[in-house]
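By letter and in written order, the chains are A, B, C, D and E; residue numbering begins at 1 in each of them.
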Amino acid sequence: MSRSIIHRRRTPAGAAPGAFVTPSEGPPPVLRVVRSDGESVVEETPAGAREAFDLVAAGGVTWLDLQGIGDGALLAELGGLLGLHRLAVADVANAGQRPKVEDYGDVLFVVIRMVTADGADRSAGHDRWEQVSLFLGRGWVLTVQEAPGDCLDPVRRRLREPSRSIRREGADYLACMLLDAIVDGYFPHLERIGERLEELEVEVVEAPDETTLAEVYRMRRELMTSRRAAWPLRETYSQLLRDGHPLLTSTTQPYLRDTADHVFQVVDVIETYRELAASFVDVYLSSLANRTNEVMRVLTVLASIFVPLTFLAGVYGMNFDTRAPLNMPELRWEYGYLAFWGIGLALAATMLLAFRRLGWLGGPRRSRSGKRREAPR
Amino acid sequence: MSRSIIHRRRTPAGAAPGAFVTPSEGPPPVLRVVRSDGESVVEETPAGAREAFDLVAAGGVTWLDLQGIGDGALLAELGGLLGLHRLAVADVANAGQRPKVEDYGDVLFVVIRMVTADGADRSAGHDRWEQVSLFLGRGWVLTVQEAPGDCLDPVRRRLREPSRSIRREGADYLACMLLDAIVDGYFPHLERIGERLEELEVEVVEAPDETTLAEVYRMRRELMTSRRAAWPLRETYSQLLRDGHPLLTSTTQPYLRDTADHVFQVVDVIETYRELAASFVDVYLSSLANRTNEVMRVLTVLASIFVPLTFLAGVYGMNFDTRAPLNMPELRWEYGYLAFWGIGLALAATMLLAFRRLGWLGGPRRSRSGKRREAPR
Amino acid sequence: MSRSIIHRRRTPAGAAPGAFVTPSEGPPPVLRVVRSDGESVVEETPAGAREAFDLVAAGGVTWLDLQGIGDGALLAELGGLLGLHRLAVADVANAGQRPKVEDYGDVLFVVIRMVTADGADRSAGHDRWEQVSLFLGRGWVLTVQEAPGDCLDPVRRRLREPSRSIRREGADYLACMLLDAIVDGYFPHLERIGERLEELEVEVVEAPDETTLAEVYRMRRELMTSRRAAWPLRETYSQLLRDGHPLLTSTTQPYLRDTADHVFQVVDVIETYRELAASFVDVYLSSLANRTNEVMRVLTVLASIFVPLTFLAGVYGMNFDTRAPLNMPELRWEYGYLAFWGIGLALAATMLLAFRRLGWLGGPRRSRSGKRREAPR
Amino acid sequence: MSRSIIHRRRTPAGAAPGAFVTPSEGPPPVLRVVRSDGESVVEETPAGAREAFDLVAAGGVTWLDLQGIGDGALLAELGGLLGLHRLAVADVANAGQRPKVEDYGDVLFVVIRMVTADGADRSAGHDRWEQVSLFLGRGWVLTVQEAPGDCLDPVRRRLREPSRSIRREGADYLACMLLDAIVDGYFPHLERIGERLEELEVEVVEAPDETTLAEVYRMRRELMTSRRAAWPLRETYSQLLRDGHPLLTSTTQPYLRDTADHVFQVVDVIETYRELAASFVDVYLSSLANRTNEVMRVLTVLASIFVPLTFLAGVYGMNFDTRAPLNMPELRWEYGYLAFWGIGLALAATMLLAFRRLGWLGGPRRSRSGKRREAPR
Amino acid sequence: MSRSIIHRRRTPAGAAPGAFVTPSEGPPPVLRVVRSDGESVVEETPAGAREAFDLVAAGGVTWLDLQGIGDGALLAELGGLLGLHRLAVADVANAGQRPKVEDYGDVLFVVIRMVTADGADRSAGHDRWEQVSLFLGRGWVLTVQEAPGDCLDPVRRRLREPSRSIRREGADYLACMLLDAIVDGYFPHLERIGERLEELEVEVVEAPDETTLAEVYRMRRELMTSRRAAWPLRETYSQLLRDGHPLLTSTTQPYLRDTADHVFQVVDVIETYRELAASFVDVYLSSLANRTNEVMRVLTVLASIFVPLTFLAGVYGMNFDTRAPLNMPELRWEYGYLAFWGIGLALAATMLLAFRRLGWLGGPRRSRSGKRREAPR
């Protein structure tokens, strides 16, 4: 739970801007490089930042694909070689940044949040969110993600296929494709949430209990997390579309707009789901109130029938001295006992009839508006 | 239910932009062409994209009316011939886009959602939403809808009538008419919802039960769907009106504004209905609370009357040894039994009077503000 | 009820823009003309559109005052003579438009909603809303309202008085006066609602029942209707003030601003009333909860006192064989019966004392914060 | 109550713009004039508008301080002499305007709402709101308030002190000081509300009853009124700061900004209080639900213990013919009665233990999360 | 409590702008000066304002670090020497200002709120908020905080370290670092709140009682306070970034943007926490309703089983004269007593079965949707 709501920063408060602390746990980071010269595509795993930079310097379009932020020295060295601002490098390491775009002149820095289904548990609410930092330079793209495993494989696959246009376009096109793939990853996440909400919708109406509410509530939290990822992205894309950037050529403009459209759709879906989940609480509470009402009705019907009868039985259990002629003459009647049962049954029948009229017995009742309806169960 | 809330995309996450998967189910798409040269109007059903394009090339105003998105090859070919961007063509096939307008220079691309009453079930909440993609080029309009059956028949009819101005105007006028017809289709949809809400309003006050709430809730979902269709349309039209476009002549400007007015009205009505439906939940919950209160009151009145009496009867059913003069001398009184009933009835009467005063018996009571009012039933 | 929430359009969905259907019911429309040449004011009732137009053409300031939209031919003819756009004429006939202002170059078209108290029933919630369409041309004003009877009589009266400035000013001043009179009509309407809300405020606190809530709810609906009339008007006036128009001279500017101020005030009052009415629901629900609590307390106090006593009475009503010395020796005690009553009364007193301490008996109790307070009734 | 929510206008709907009706009740208006020539300050009480105007015409900085709007003729005459627009004069008389600033070229007209503590009752919710109209001209300031008694005395005092800068600055500085003094008056008002809210906060948690809610609700109304005064003021000041005005010299700019800061603070505080008061309703409702729960628990515990026992006692009160050996042999047992009590007490003890486990008895219980906590009382 | 919600101003309403009253309580203010000439850094504690100003005048970058606002004369003297506007000096002393930035030409004045953990009690909700006033001049920075003890120590430490860039940059860089350190201090504060919310989340679902709600409510208040500190800061930073200022060099631009990012993150977190805390109230109320339902069910089950049995026992406790053959012949049956128990047990078993079916006994029940689920406890 603490995972999604509280993000504990590793740098202490008051640390110098640009300072960062890399996480010590987790697998060691892996740096892969994919370089395309328009014709062929080469994939390599350079030994260090220097080797990676040599590949960038060799021309063409290079994608530096760093998975894991555990190696601070590597990050710093790469940053230095590529000319990244130290605040931007710190933002990469201090994951948990808000999605944003920053313009450092010849480098465009984008922070975005990526969601990937957990390997084992693919049910709603167990997806993993992580920060992806993307730097777009002249001829190269650097992406850094918090841990290995992502939703960028389709892009890698398309790069490997010889005929795809992705090989012929520039670095900005590659960056757009990567961002698009990350945003595309929101849809299966939302579909999982949507499916869970539909199940909950049935539950909340038909058989709600405390676990239902806890689940609704968990979905609301998931949606809060998604929302925090998607809303700033919306602004980010609006800004990119409005202001443009020298690094973004006019060819990529429609692709940027296409991704922006997806972001808007994501935000729409999140808002609709939030509203839906919120309405479940109303339904749940009214269902609870209904059930309390039902329980009360059972109690009242039962008590109403037996309490008067019990009183009557109590009366004829009294020990007044029946030698006085006015004291409980009924006891001496020949049919007294039968009369008692007769009166009792009549009383019970009257009561039942009255309750039936009030619609408390679950039978059909006539509503004031004149139409016949099933009474609530 | 999944129909309206979750829209499952057919393309896998991470697919290349511009990729699309056409749905395999459903009837085969039908392409019809209506061409007007200002004088006569010809309707044809071309064999393929090429034949359709020849008609466009022949001049005049041509409406390509494609019903169904099941034929990906046809879509791609048409797109190629008419010079549509492949992202736009993908948006046509990947139905479920957000309403939007996109400017591709010499083609204007509009996505809008259309609602049509289901053939069989015309009651509220069973209307079918689908995406309509409209391309406006120089001299032609292409509309693509998800399935046959729509609300564009009035436009087709007006095209067939010789005297109508629609035959003399340009392609932009035709596009405006088509969009207007689609927006006009929202009104009967909202009227159906409105009528259902009015019925529910009566129910929720007079005879609410769980089905009422479920129905209110279903209407809220319908309104969520309508809202997702209408709100982005509002922005779309504002944008069109503000920025204009070379393809839109000044003659169509008032018609555009007229449709924009209708969109604003639709949004107004949706918001009012949403507020109305939300207020029903309050009324429902208070009605439930009222009924629980009523049930409780019945129980309490009954118990309050009989519990003391039963105790009294219990007392005189005790077996104290009456030979001791202080042990239950009442039992030996000549009028003991009558006294018992007298006391009992007096007690019950007092209780009833007190409850009547509290207004628990449904009789008239005097409120603190001094005016006489009907007690709640 | 359907009156205010659903507005059923007379034109079928998909009708050509500019098409309209005039209502068939209602009294026949009346056209009156008031013409002022700065000196004298003449009132006439022309036979048809042509005669009316001749009066306009004669110069001065002419007010064409058409009451009723039942005569489509008259509307169309007037529209043609005055050079009105056919979409605007359709908006006049298809009443139920959103308030708006439209600039047709030499004609300014304003749609506004007017509220008038119903003749018979002047209580809150029975006011009649209708659309007023106002056209301002060079030297003339045309107003069309849905039915006779309005709140423009003060303007007519001022026109008849020789000394009033309204006679010396231009058509734009007249138009401003008419709009101002319509907006002024909102105030008595809101005062009626406000008075009803104040009554409801007393009721909801002192003696709420289901009719109270229904009434609160009706007021909320009234406010929804008012809001739909006032909010777009707010935008309309802001637009007029910001952009100006050649037909509006600088003299009328302060009057326009004055009316805009009134519109802002109306919106403020509506929002305050809406908030007020919404808070009544909270109060109502808590009042219900309070009453249920009160009922429960009565039941519990009663049961708590008598249930143990009844048990005790039951004990001594048992028939154990008292010949065994350990079987119910109390029955044989000389003061057993008195002891029973003593114990019983002591028990009841203890219970009552405990309940008094808990504040359940309505007597004074000491709150934890140490101050003495009246217990809730 | 009608005081703050409904403001009944004195002019009838449809009155000519610029028409006004002065209130007939209240003390007669008092006009005082304070004139400063940079050196000395003279206070006078002129006989009429003409005398007052002569003082203005004599140069220096003149403050016309009119307390009371009961004298329409005086208002009209003053307006005429000072060249005020008749709509502005009407706004002065028709108090209840929305705070605003209006630019009439050489006169700046500001409407603001002033709050003053009622002389007698200084508790929260009894403060008096009134409209202050301020006109700033070249060399003079005219303030008109609805009734004598205000929060401008500190300004008057500062004017009388020889050394204060207020005597050396221009009319715009004086106007700023007056507005600042009025805005400063909001703080004690809000502090009174804040103190009341703090008391209510304690009450609502510790000993809520219906009067608490009514009081919370009254505070909400007070805040609504304050909000209606402060929000438009916020816009007014933003507008003044943004657009400036020839009458406002650059020296007054910081003072204007200072007052704007105060207005923003006021709005902040109001919004915080509104949220706080709204949260009290939640707390109150949950407290009610808690108490109902508590009452129910007492009833249930009691009933659960005694109902089985009473049944048992009833059983042994039956009159089966004990001569049959299988009919109630327990009655004949020597220790039957003791056994009855033994069983009864064991049953009660078991029940109590079970309820203790459920935490219903108010004793300590172990929550599922394993920590020990005080059970709710 | 009054601490955070009501801020009582020390200046009386209507005081002259620029007037201020310094608090009399608290430790005496301490003025420290840190001066850096790019090479070495000197820390001094000047005797008074004049000595401090001499250090500023000596060149380099000087940080005047005044802790405590108790010495009004010192403040006024410092303000005079540094050329601060008297309104700004008043804002320093009248702590409780809204965060803002003000441009006085050659001095930039920033008000910000700082939160520091209380020394002793580091749990959530015991943090201390205070105002920090920061003046940035050419070559100097003056910070004034309400009391000693702050979160600026990391900056002081960095200044003392010879190698840090903070020594080489200008005054604007120092100001940015100070503001950044203050904003950084919000994160531990929010983390404490977040941790408390997580604990409450467990409590509210598993074992809610009144203290839980009071705690939730306290957290909501904390968040209100944080929000009032962070929201205006957001605007402040947006303004600084948008408009720039001659005193802010382009080197500090990225650091400013970095801090702005942190502010946006803080606002995001606060809004998420607010929503979370608000949802706890729903969960709490539904949990209460659940418990009432549970209590009611226990009562109803018990009553339903024993009430009919008690009636039966009552019947056979009646004293009808059994000499009449029709009067209670059961009493004379040989197995009457056994039959009574048989019937009684059968009845109880039937009842239990029925309740089990309804899911009232906590056993498994089959929901309508067909899946087996744990019944609510």
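We take it that a residue touches a chain if its C-beta (ideal position, glycine included) is under 8 Å from a C-beta of that chain, and two chains touch if they have at least 3 such contacts.
As the structure is a prediction and not an experimental result, all values here were calculated from the model.
Common neighbours of subunit B and subunit C: there are none. In summary, the chains found to touch both subunit A and subunit C are B.
Superposition angle, subunit C onto subunit E, using Cα atoms only: 145 degrees, a multiple of 5 between 0 and 180.
Counting the residue numbers that touch the partner chain, subunit A and subunit B have less than half of them in common.
Centre-to-centre separation between subunit B and subunit E, using Cα means, comes to 39 Å.
If you average the CA atoms of subunit D and of subunit E, the two centres end up 24 Å from each other. Looking at subunit B, residues 285, 289, 292, 296, 299, 303, 307, 310, 314, 317-319, 328 sit in touch with two or more other chains. Chain contact topology: the protein chains form a single closed ring, every chain touching exactly two others. Subunit E makes touch with subunit A in their complex at residues 151-155, 158, 164, 166, 176-177, 180-181, 184-185, 187-188, 191, 194-195, 197-198, 201, 205, 254-255, 257-259, 261, 264-265, 268, 272-273, 275-276, 279, 282-283, 285-287, 289-290, 292-293, 296-297, 299-300, 303-304, 307-308, 310-311, 314-315, 317-321, 324, 326-328, 360, 367-369, 373-377. By the touch criterion stated above, subunit B contacts subunit A in their complex at residues 1-2, 5-6, 8-9, 12-17, 85, 87, 91, 97-98, 100, 102, 104, 202-203, 206-207, 209-211, 213-214, 217, 220-221, 224, 228, 232, 281, 284-285, 288-289, 291-292, 295-296, 298-299, 302-303, 306-307, 309-310, 313-314, 316-319, 322, 328, 330-338, 340.
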